[in-house]
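Letters are used for the chains, namely A, B, C and D, taken in the order the chains are written, and counting of residues starts over at 1 for each.
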């Protein structure tokens, strides 16, 4: 048990360091809003540079335009890259989830068409799964695709998607639609790729409670797609989506920063009613210790996962614990930090309240983090069922035609 | 398996069960208040304040509320009020909390009016109370000067020769108040001072806060006339007395909000289907809502005891008020955040009302001092009581 | 809103006080183990005395031998009685649950036979509901009663009950049995009263993890009962049991003492590593405050219930919150108290560790309290379903013959 | 809805993922240990100690464990051990915790052997270590003298002229140990002393505790020969160093116990039916078990980091050990109590093994100082690290 690179890994890390030293940006673009919005030119340029040097999509097979590298190579690059003020990454969803789905299920021509531009950051993808009628329940999709009446074999898509991250600046998307409502829920779905610039597609940003608008509603009105845009067989959409969602969970599991050290600083710099720093109070210390221990636990759980990766194992659903722990931790910690400031904690102005600025952001984002990518409740179900092997919930939506599944309406 | 009738706390406290409820008249008033606020303060009205960067309150609602007589409900008739008790204020507070009302009711009625009735001279009472009842005076409590809990030693605002200088931040309703109660140092002692904010030398700066449906400001005073409320050196004790009274009423606001959050969660869970059935049929949601209910009942029961202590001016008030505030803050925080969670993605949008309660729960928990401060105070009271027993 | 008695209530309280002053015991019997075990003679004598003076079963109708008093009269008597070192109460289950069931469903002769001796403490009753195969699931009873082959109309009972409080010293019991396994679960049950001295009944105490043995297993081997011992119709056992269980919930809801004041004392008398009393530490103070607030919340919730009672309303399932809150509180508080003593907290000897003795008892009893009379999970279901009106769990055990309900065996 | 890749803690800590696991040899040893304990320490053996008022440990199991070489696993070969690393001890510890083993392994191996290796003279090492490896010496750590956390000022035991007098209570394994490490005052300074308990002047009194499957005693010393381990005045620092090492190993014991509690709960939930289906199919149980799993994974991950720090004697050891102990104490407490809850009534009986873990979880949380003390220590370390950064 040690933390040292193998000789091979050390050599790769050195190569990465040398390249980054010569090529990485030295400051972050002022227009970069950190959420993959704003001006994307810096992000595109950095992605193109990485692609040209063979540091983009490191683990992808060479025939997809990747490097055929190991997951550890990818982790090493990520670690080293994170030392620089790199631009935000609007390609994450596309390269992490959508394009691999395309590469898995499309014909060779389509792969050649979409792989290289995506890797170079020239084209951005989004994932059109969730719908108003079913957030966690992706298989409840009601957006429908019907064969065009003209016999062309084309499909006509109508319906609505929601919570689509980055739809506003995406070029393409993958969309799951219902092609047969008479089949049971999971059997009548089909996956397509779509051109987001199609005039039948309307994108409306969702105003979040936190103030931002990173998510979108996407409306489909008679959007015509070719049958060649189909990914996987007709009726195989659910199976295709599982490939995509598996990749989502891996991406999400990594986002586990927590803020204990900012909390420590805030507690050190705030005094209680006795004039002493709050960091001296045992109630503050105990909570801080608990959060530190949880954060460290997640960090080392990730180290264990990476070790498994480096040994060629596939990480399983146990990575679901990351978000379950981190989201609640973020909410509790932010709230405690705000309450620590007492009346002053209400102030939102970063100039007046530099201590609380970041905590306010966390407090308003945390409710979203507890929901996005699987609610706390769904993730506990996943742990219970897929890690511990407990029975699934009793389902009333299986083995009946989708149109007959109860919806309460 | 039946429980043995044997518990660790062998010192059985006497039950006092006889009439632990509001009267029929008070319940009638509560229903009236709900009906009035449903008509005059739907969340669309709250959102007008929330969405308009220039607005920090709803003056029309304020006028309407004054018209109902609520502002003077507990003010004696001789000073222009209705001369009812504090219990009537409690039922109104609960409904205001439920409605997330964007008005300076707490600052004016729970704080300013209570402080003047508690410690004001006859002249001060005559000058202020009738105008509160009429809706002409808006109050604000100005104690905080920076991050962290209120402490006797940290106050820098000073009164010299009857004139106040210093800075208070944040002052809830400070941007719209006509009068502030200011904790300041005079001759080395802390006093509580009544200040007319229309005087020269007052600079107000509206603050951006977690709850934009309520007003808050930074107030800068430069030699502004100030008259003391109560005795010299009584400032901190007076603030504590006022906060005890406000805490009970705020607890009713918080309980009202928490109940509404539970209702919203329940309604949504019954109507929202996932995997072919209402999400209300999943134990993860059922038990979450049961936990919300339990917290709300504990909050309500503590608030009732606070109401009794407030209304009878019982010596138990400091303990009862602390307990009411702690329980209500916990219930509203839990309810408001788990209401969002029950809604899922839609609960995270600006368009759905969940975040109004999430924000207001933060505002109400902080405005009269954070729960952590009240927990410390509560235990200090218990220590004293325990030592005396 | 006030805490004063009405004139009528005040008069009753004065009457009670006068009587207690003249009659209540001045010290507790040394053989009384406080759990309704040990020597019961003091308990029987006290019950007889109360019965003779008209202070037993105050709320029962006069025709049952009660006083026809109000619930508030009963509460007043209980409050005043609690000021004296009265004996433990082995009659609670009988008078609170079993005998009322008998009085509701038996014929006049049976009522006359059992009511008065029970009120006078001469006969003790127990409740035989739970079985090994179904704790919270009372309707899953498998103990069966079959018509005797001799045509006498008698029933022969075979099977096993469990968790029977006080079976070892009870004279009679009420037992729910399955009379028709071909009917759906809730429809094939019937209630009887039985004589616990019947030779076919064997009682084995259950050794609890807390060391005590207040509960029993009760085995039935060809126990013959007359059809006249039936309470309610054949197949109506479930409905009859609901009457009994309703009374259980009311009794249980009252048991909500918590120990915050003992905790305060322990924290005052224990020093931390800095030599100062732990009661000065904010982490201890915050927890203590939370427990106090919960305890007080329960106390005042009870006051609200009593107020409703005094107005003639029937308290509903909301009294379930009492045990949900109190049991967990008891476990958390006891554990925190023990941990406060650090290494010393492990010591169990009351002479060496007077501070922790009571907390140890709570720590070992609390797991039982979280289970007995409905687990935390069952009670949350009750709150969700019966208070909030949320849907019941999906049931697979309804509308099929009981013998076909899945049991996993 | 996909998560924005943006979190509040912008200071990204470097990942160190390369080989964060036990080696194949260590995993083999772990499997061997499990098989050995399944054969030699089923819970029926634990119950013999639990049920017999005269028994406080299992000497036969102790002999068998010595025969496996586990006692000397981390002791250098020159001192009669196997000369393996601490990682081998970790995997053994996890299995001992899982088995609720009723033997003084921690007192002897994590505490006495570690202390001697850390601070003993060559003579002390030669005298003690080979006898530990051979199973002839049993250790005990005698620091506590009364209720409350260990503090430098509260120690009254005294060494004068090489002879110890005073009382220690409780001393885990004090009733069966051959040697004790005693924190005592000598010339105004605290030192850690090695005491042969077979000497005259030692009175032992076995204590009744929450976990009767482990030994504990009060030790009274009256002018008993004592030799110091380490320098004068280093007693408290040395105890902290020893406890850091023991904490990591205890964390593995706790994690092993917590894992077993989860397994028991899972097995029972799958087999127990209520209302016509396995209770494992209800979300209330599923999510409870998921929470147990999450806590166990956090505990295990922190314990791994502690193992790394212990094995490499890294400067991170105090922080890593504190985190490991806190996480493991929480996981085992939660797991052991919710295992009972999952079992329902049967879990509350003496006959079912749930309470063995409930008791042991309390014993392990208290034996090296309660979690609250470790939390305070952890934050002190973080403060220092933060100030230095």
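Here is the rule we go by: contacts are C-beta pairs under 8 Å (C-beta built on N, C-alpha and C of every residue); 3 or more make two chains touch, one makes a residue touch a chain.
In this text the structure is predicted, and so the values were computed from the model without any measurement.
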Would you mind checking which chain's C-alpha centre is most distant from the centre of subunit A?
C
Comparison of A-B and A-D by number of C-beta pairs in contact, larger one:
A-D
Centroid distance [mean C-alpha coordinates] between subunit D and subunit A, Å:
40
If you average the CA atoms of subunit A and of subunit C, how far apart do the two points sit, in angstrom?
52
Between subunit B and subunit D, the Cα-mean centres are separated in Å by 49
Pull out every residue in subunit D that's touching 2 or more other chains.
1, 277-278, 282-285, 287, 345, 372, 376
Residues of subunit C touching at least two other chains:
130, 135, 163, 282-283, 285-286, 368, 371-372, 377, 380-381, 393-394, 396
Note: in the complex, subunit C contacts subunit A through residues 281-286, 394, 396
Subunit C residues touching subunit B in their complex are 1-6, 9, 34-36, 72, 75, 79, 82, 88-89, 92-93, 97, 127, 130, 135, 163, 165, 214-215, 248, 251-252, 255-262, 264-265, 268, 279, 282, 285-286, 288-290, 292-311, 318, 321, 323-326, 330, 334, 358-359, 361-362, 368-369, 371-373, 377, 380-381, 383-385, 387-394
Touching subunit C in the complex: which residues of subunit D?
143-144, 146-151, 153-154, 169-170, 172, 207-211, 216, 218, 271-278, 282, 284-285, 333, 337, 340-341, 344-351, 354-355, 358, 362-363, 365-367, 369-373, 376
Touching residues of subunit D toward subunit A in the complex: what are they?
1-23, 87, 266, 269-270, 277-278, 280-281, 283, 285-287, 289-291, 293-294, 297-299, 301-302, 304-305, 307-308, 311-312, 322-323, 326-327, 330, 372, 374-376, 378-379, 382-383, 386
In the complex formed with subunit B, which residues of subunit D make contact?
1, 282-284, 287, 345
